[in-house]
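Each chain gets a letter, A, B, C and D, in the order it is written, and its residues are counted from 1.
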Amino acid sequence: MLEAKEIHAYYGLSHILFGVSLEVKKGEIVCVLGRNGAGKTTIMRSIMGLTPPRQGQVIFKGKDITRTPVHKIAQMGMGFVADNRRIFPDLTVEENLDIASRGGQQKGAWNKEKIFTLFPALKNITSRRGGYCSGGEQQMLAVARALMGNPDFLLLDEPTEGLAPLVVRELMEQIGRLREEGLSILMAEQNVRSALKLANRVYVIDRGEVRFQGTVEELEANEEISKKYLLV
Amino acid sequence: MKRNRRMKSILVLSLIFIIAFTLVGGCAKPTAPAPSPAPAPEKSDGPAQEIRFDRNIKIGIVDTYTGPPTVYTYDARDGFTLAAKEINAEGIHGAKIEFVTRDEEFKPDKALSWARELITREGVDVLCGFMSSASALAVSEYVKDEKVPTVVWMAQTEKITGEAGHRYIFHVIPNTRMSGRAAARYLADLPYTRFALVGSDFEFGHAIINTFWKTMTELNPKAEKVVETFWPVGEPDFTPYISAIRAAKPEVVVAAPGGADQIPLTKAIGAAKLAEEMVVYLHIGTDHAGLVALGQEAPEGMYGSSPYHYYYPDTPENKAFVEKFHAEYGRYPNFAGFNGYITAHLIAEAYRKAGSLDTEAFIDAFEGLSINSPVGQVTMREYDHQLIQPFFIGKTVKDPGKDYLIATDIVMISGEDAIPPLEEIKKIRGE
Amino acid sequence: MDFLTLLPDFSTMTSQVFIGLSRAMILFMVAVGLTVSIGVLRVINFANGTFYMLGAFTAWSIAMWVGGTAGFWVALLVAPLVVSVLGLVVEAGLLRRLYNRPRLLQLLLTYAVVLLFNDITKIIWGVDFKTIEVPLKGFVTLFSNVSLPSYNLILLASGPLVAFGLWFFTNHTMVGKITRATATDREMVDALGINSKKIFAIVFMLSCYLAGLGGALIAPTTNIVVGMGITILVNAVLVVVVGGLGNIWGTFLASIIFGVGESFGLLIAPRFAIVFPFAIATVLLILRPTGIMKSVW
Amino acid sequence: MLNVFSKLTKGQFFSFKLLIIGIVVLILLFAPSYLSRYYLYLVTLILVTVLFATSLNIPLGYGGLLVLHQATFYGVGAYAFAIFLKQGTLPILPASLIAPLIAAAFACFIGWICVRLRGLYFSFLTLAMGQLVWAIIYRWYNFTGGDDGIHAIPVPDFLRSGSSVFYTTLIVVLISLLLIYIIVKSPYGLTLQAVRDNPQRCESVGINIRNHRLIAFVMGGFFAGVAGVLFVLLERSVAPPMLFWTKSVEVLIMVLLGGMFTFLGPAFGAVVVIGMMTFFGIFTEYWLLFLGSIKILLLLFLPQGVLGYIEEMMAKSAKKIEKGEERGYAQG
């Protein structure tokens, strides 16, 4: 589904990613773990095309999208949930969903009703402005907004950041249900425990490089990695 | 070592650039270039033409060529060009007139800068132009030191030949004092006593209204001022002023709008049909440039003035000028075109009379000089260098043949009647 | 002696209010285009005054070509469209390169565009005074003593109409909603699969359309000259800031404060009337630095 | 990385820059002997503008304050000086000192109000207040001459010849530039630049940001006032357009064209812009068209300014040298 090959990314003059490679197969939830500032968000942005890598390749559904404009990548079926949610604060919840809608009428397409069955909490606040929603509501809205574009691949950047444990659990359940819907997911996380419950495979990132890759069990077995890079 | 050479080459290049900038022209034209030599005489005209100038006469024009006033300054320049053609066909003691123009953007500092450039780099004999009063006054002080004769042909402030007058400055346009006096002379003959005085709130508007009222009360002591008000220049909406005028119930309205306010004010007067209720007199209200722009919207029966109309006086001289101007530029001249035209002829005639390229001789010849202009004789008054030229006041009327209004019942106020007496000027100058 | 002492107090006040309002609407027409481009594109577009001027010139050409009173109405419809197409050319050719540049650079570049277009306009249209025939003649009496030129009613109506139209556009159309989203987070809009470049172009065209509409509406009341945009521009910029950057209703309100404030300034000190807008702007900005209404920034 | 390099070659560079400046000053010292009157005047005008542009760069380039209306202080300095001389209230020497102080006082007042605001809001408030000053001067006939301005300003005879004005201007401008240089390289100047680059961090270490900005703003006002005084010496006339907002935009363009992050950038920009204005003004009626296009091109393609570009080039080649990438040159 998605493959990043040896990507190097920069912010201005500072070099952030040093040859990161990773892969997400169809139907997988892959977790990118790492401390604050390890480069997780940059990986997400590089894949989405927001911070195009200067070297290396990103391949999505068999096509090289390294130099493709962001909106084209999105139209190819990649959904993006940004790290601090980035809800449009002046738009109501409904409007936030409306402008993202690219549904069409085909079977199983995401529309508002389907969204509301997944996130019932959103149904009651459709006319509330995005800026006035709580953190949990905003996070659900961010995911819902990405879904309105009918993606088959989802980038989730730190979805649980700053949320209460109860809300995190609910959100993780919902993300799990997305996999059942057939979505592949690449998720960046700091919150190791909840992420590991969902993930099929794990990459550990530190200082812009991949330090470990493998299954959840393998990570749990490797205490050195956990201690060194994840502060568990 | 090579790396240093590369870095240094960049620095050296920039150094050369800087030096070149300081020196460019500075060395290229170290002295003011002499105007090109006068062409060889085609034929000898006998003893009358004994004097021969050894070079052409160079004239510099500094005027506003960007922004709203351009409608006048282009006409002035074109009138000047036309006259220069006529003059050069004949020659001034074998010499021709050459001229260059500079754009001062209605900014006094730019005007000064260009005046310096024309005098010290181009080496012009005479300077002309100046739309902006501030520019004219600033340059006037400069040319006083430089001793370069300068003719102001558009700025109307009375200060130029009044308190700020001196030997090297000449004024070829009825100044605010003359316009105010002319208006008073005309309106004093009408049987009215209740006056509303309005104008643009800057030096020009106040100057005209003040002189008008001073003269009016001298001529007709019974005259009564029922309202006086000034609006800020660039006023977008004249409704309040017009209702104020109406409320005061005057018999005559005298308005002195600045250039920018002319058209909107005339429109507002037209829309309010004010000219049907009372006598409305607008300074420069019947000039061609404004009336043409207004088309059929200009109010009928409105009184206005202009130093020049292309259709009046209906003399052969005027017709000849208008036809030439029209043939050359495809339009009729407004008063600025006329001013530019006579300025060139005045300068040429002064040089002919002086028979010398010497500045002082030129000024001596210019003082008191009379020429025949399209509107009759005009004379440069010796004492204050103000051109004595007639002033025309008329009333707007629709003309079946044209898509704009023209002035009718035009009355010529002679220059002698309009110009303030010498004693007044002497008093202002403290002499 | 001041003319206002000659009028009864009530009607003075009312007429002053109406004068202030029609002045305010003129200002609003220029400022609203500016606020749209500031709000969404984040570009302070000094060339907005130039598009206003071009609107007036284009309207003049069209009105002359069609002729008669109908000419003006045709011009009012067509001229803003012509200007917005021209705006698209400027956007695609120049502005698109500016969005990620420092603000100061954007500001000065648009100012250079002003210089350029002033000369181009002079070359195309020449230097004659130009004016369009007023399409609605006569006066309307509002109160016993207060009458207003009929055309001013159109001006008075057009301001709220434009403001309402913009409000409808931004709140009740899909493109408008996307525009609001783009104003706060362009990247995220792209990430949703929407081409924000297109949105920017549309918004810039809209702002040029509004400036052109303003120019066309003003054309019958003034003389159309090169440089007419520069004088009104600085007031419009201040209106936009005072109103809160990008806030349409704020701009509307600020225009009214400026217009009515200036016309009451005329009552107090006619000589210093031009001082009033700047004084108002200074005081308001000291009191509420980010504008009287919420800024989108 | 740059530090290493500058340690290696700082001496060379520094002396090289000094050499260029020395040569320019030397050329200027003898200017009256080889320049015609007009070009001497033009160079004087450029010198005045150089100081004006550099004064703007204290708050703009070093303080990071987007001052939109610097011409206010230039105009106030000029008007104050002109009024002193015209009314004869003060002899020329004290007048020439007090006029810039009045400009600085205006800057202090305007700055005190404006520096509370951030970013563009600051800019727009300077614009509004500057226009307020302009409107008052434009209207106050009895005091400022209104729209006609003040002319025939009585400058003493010994300051009337082109070369004496030139030398006075040259000396004052050089001293002012030196003072500005010392200021921006002083601990205060370095703190100011730190405030520009990272206000939050500066605030957290206890630096009073507002005061630093205000001082920069006032100093900018003072030196603009000095430039205003020099302008009056040169032209002996003042008028309202010299503090209209378009004048400020003009000088902003100079600063940007030259490069606002280099000390001499604004000066260079002043030379280029005045040179171009004069050149195009002489040779074509459509000078705005040319000037506008060239400004657009320069701003688009050299956003860091001409001098800024040169310095960047030097820094780049320096970096390459440091990384040992000079082989290419050696082979070529």
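Criterion: a residue touches a chain if its C-beta (ideal position, glycine included) is under 8 Å from a C-beta of that chain, and two chains touch if they have at least 3 such contacts.
Just so we're clear, the structure is a prediction, and the values are computed from it rather than from any experiment.
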> Which chain lies at the heart of the structure, taking centres as C-alpha averages?
Replying inline: C
> If you take the mean of the Cα atoms for each chain, which one ends up farthest from chain C?
Replying inline: A
> From the C-alpha centre of chain A to that of chain B, how far is it in Å?
Replying inline: 74
> With chain centres defined as C-alpha means, what is the inter-centre distance between chain C and chain D in Å?
Replying inline: 33
> Taking each chain's centre as the mean of its CA atoms, how far is chain B from chain D in angstrom?
Replying inline: 37
>> Where in chain C do residues touch at least two different other chains?
In response: 118-119, 122, 271, 274
>> Two or more other chains touching the same residue: where does that happen in chain B?
In response: 66
> What positions in chain D touch 2 or more of the other chains?
Replying inline: 288
> Tell me, which pairs of chains are in touch?
Replying inline: A-C, B-C, B-D, C-D
>> Applying the document's contact rule, which stretches of chain A touch chain C when the two form their complex?
In response: 48, 50, 69-71, 74-75, 80, 82, 86, 88-91, 95-96, 98-100, 102, 145-146, 148-149
>> Help me check something: in the complex, which residues belonging to chain C touch chain B?
In response: 1-4, 6-7, 15-16, 19, 22-23, 26, 118-119, 122, 127-131, 133-134, 137-139, 145-149, 151-152, 221-223, 225-228, 231, 263, 266, 270-271, 273-274
> Which of the residues in chain B come into contact with chain D in the complex?
Replying inline: 2-4, 6-8, 10-11, 14-15, 18-19, 21-27, 29-32, 65-66, 101-103, 106-109, 112-114, 116-117, 120-121, 133-135, 137-138, 140-142, 145, 157, 159, 164, 202-203
> Which residues of chain D touch chain C in the complex?
Replying inline: 66, 113, 116-117, 120-121, 124-125, 127-129, 131-132, 134-136, 138-139, 245-246, 249, 252-253, 256, 286, 288-289, 291-293, 295-296, 299-300, 303
>> Under the definition above, what is the set of chain D residues touching chain B in their complex?
In response: 9, 12-13, 16-17, 20, 23-24, 27-28, 31, 34-39, 41-43, 45, 141, 146-149, 151-152, 160, 231, 235-237, 239-242, 268, 271-272, 275, 278, 281-282, 285, 287-288, 307, 310, 313-314, 317-318, 321, 326, 329-330
